[in-house]
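Two complexes follow with chain A in common, the first pairing it with chain B and the second with chain C.
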Partner chain A sequence: MFSDEIRTIQKLGVRYVVLQVLNFTQVIISGLMIWKALGIVTNTESPIVVVLSGSMEPAFYRGDLLFLMNPRNTPYVVGDITVYKVPGADIPIVHRVIETHTVGPLPTDQSLLTKGDNNRLDDLELYKGLRWLQRKNIIGKVHGFLPYVGYVTIAMNDFPQLKYALLGFLGLMALIQRES
Partner chain B sequence: MPRKKVAATSTAPEQQPEVVQDPLDPVKVNNANLVELKLALDDSVRRYFSRPDQFRTNNTHSNVRIGLGVASVLVGTGTGLYGWKTEFEASKMIVTIGVLLYFLLTALQTAYTYFIEGKTIFVGKRKTLVNRIETETITLSSETKPAPTPTSSPSYSLILAYLRSSHGGKTLIKRNNLSQAKDYVNFFDSEGTLDEGAFIAWLRDLSTSLIDGATSPINDPDSVPR
Partner chain C sequence: MHSLYQRANGLTGLLSSCLIGLLALVALTSFLFPAHPKGDVNIKTLKVRWGQIDRHPAQEWAFVQFDLQTDLESLFHWNTKQLFVYLVAEYTGSKGVANEVVLWDRIAKIKYVFRDFNKTFRNASAVELSVRYNVMPYVGVLTSGEVGRTSKERFPALQTQG
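The block that comes next holds the complex of A and B.
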């Protein structure tokens, strides 16, 4: 199956292979750099997240894609939908702010309490010992969303073979195609 | 020529040797894809002009592309690793610098390929010792010219520039420029197989007229007096 490609490589030499591999690597690294740039611009480490649970229904459903930003100098208000990570937990949680208290000189020094719209109780049990969330636990607040698109990520996490198959296929395509 | 494979324990009376690489291996492309047609002819041009009896390939263009590309990949990988290992707030400054540097290097690489390399497909040099060392430089560029009418076919246009100089390029001895286009149908059949013999014959004619027709600038009425 690869005999044509191997013959082409033999004919054109190492330089061709180097350029193809470089091309492929640059595509991957460009994606990474765009992600990092987006994070810098929105001031958050994960500018795009996927909703994993149904605790914010009917606002967000499992599989929705959320766009986050973390404005530096604006305090959070009740009603903001925030994504936060409790220290010691890996998974970020998307819930709504139901209480805010200013605890320092700046308006952005805040303690927050959150609750999922679809949950009966507030998030105190999820805070793993903390009584309030601090600003530094918050990854960002939601300013936009796309329904269903996140299911691709959920599928790839539940079936890792799918992830490797997709990456393998994209890699193959990038290595075989020659740009004009 | 078809490939013949030999079985290790064959009892056949005649055993054909296995052909490892067939020098007359036909090049086959998708006839409908203009990019593939051009790339196939470009490759053939490079194969012909980089032959040992022809010119020595000058790899500057691809070296610059590779250099800038490798630099950008290293910067990008470094930035990614740093951002992964460090806390977000602390890493912001360096990640911003890394990202900007990456996009700058990639932009430089793209600008070089578009503006400086452009349509060039081959640059070659050849040194001959006459009374002094004379260097011949050949620069080949190609482009696809679309079909002028719906019933004609697109053509491959080759632009050749030839320079003969000495004393490290300071003295110009001879120069010539030539350009010719030929329809792709002349070289590819309906299956998409390249008739490399016909193409090389065309290249040979062009390079002969290019080199034989080179004039020295003193006799060239269009040249600027030195």
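The block that comes next holds the complex of A and C.
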């Protein structure tokens, strides 16, 4: 099946294959570096997230892409759409802040309550025993929006075969693609 | 020489660059529309009662009746999907805790269009608006009614844009 490709690789020699592998790793590493640099600039562990549930419809649908920021000294205000993760939960949740209570001396010492626009009740049930959300539970505030793009990742999670097929294909292309 | 793969790659590359450029333009033009939303809100009644609601422990609850008038038309332009309009209570508790609490919200978006069966309102009768409600019970019969009605208003002549 891949006899042609294998022959190509043999013809090109080891040095060329090593170079291509290095190129491929460089692409992956620079992607990772950009991601981490974005994380430092925006002060959040994940500056871009994909919407996974319909609880913020009709504002956000499954598969929409959100851009987050979490400035260190800026308090959250009601109406902000935040992404948060409480201890014990596996996935982050995108919901709107509906109550803020500034309990400490700093303006950022806040107890928060959130709710999905499309949900009837507030999020108390989702907090896994917490009474209020704290700032440390919040990943960031939504500043930008790009529709549909994130659906690729949802599709890859729902059908893992797709993920492996895509990765394998990209890897193979990177190895056998010849610069013209 | 170009292989099929190279052609496909070039074409999809060009198309996605154009799409991204177009989306960036749409996003940037949003800042060109002047926004001057206006509104007026008044408290009609403010009451405090003691009791137990839903999953919450027994405590005091405040109830607010308010009148709200807004003109948010200038916020709607070609890159406005919807508005989230919300009423916020701000106060400081007895122990110095500063609070901001959302009491009411409404998602404003263009949900219905108003057009005539014959594509024109010319020579149509005057129009009346009425406010009606539907009671959706947890179990049993659905009921409905009307709570208000405007006076009759004639359709004006067709305006040119601007």
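Here, the second predicted complex is superposed on the first by the 164 of 180 C-alpha atoms of A that agree within 3 Å, B and C clash if a C-alpha of one lies under 4 Å from a C-alpha of the other, contacts with A are read in each partner's own complex, and residues count from 1 in each chain.
Just so we're on the same page, contacts are C-beta pairs under 8 Å (C-beta built on N, C-alpha and C of every residue); 3 or more make two chains touch, one makes a residue touch a chain.
Keep in mind that what you see is a predicted model, and the values were worked out from it rather than measured.
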item: Which of chain B and chain C A:A155 touches, first, second, both or neither; value: neither
item: Partner chain in contact with A:I40 - chain B first, chain C second, else both or neither; value: first
item: Contacts of A:L170 with chain B and chain C, given as first, second, both or neither; value: neither
item: Contacts of A:V18 with chain B and chain C, given as first, second, both or neither; value: first
item: Touching partner for A:T102 - first (chain B), second (chain C), both, neither; value: second
item: First (chain B), second (chain C), both or neither touched by A:S30; value: first
item: Contacts of A:L124 with chain B and chain C, given as first, second, both or neither; value: second
item: Chain C-contacting residues of chain A that also contact chain B; value: none
item: Of chain A, residues touching chain B in the complex; value: 7, 10-12, 15, 18-19, 22-23, 25-26, 29-30, 32-33, 36-37, 39-40, 44-45, 136, 178, 180
item: Touching residues on chain B, where the partner in the complex is chain A; value: 21, 25, 35, 38-39, 43, 46-47, 59, 62, 65-66, 69-70, 72-73, 76-77, 79-80, 83, 88-89, 92, 95-96, 98-99, 102-103, 106
item: Contacting residues of chain A [partner chain C, same complex]; value: 58-59, 77-79, 96, 98-103, 117, 121, 124-125, 146
item: Partner chain A, residues of chain C touching it in the complex; value: 23, 54-55, 81-82, 84, 86, 88, 93, 97-102, 105, 107, 109
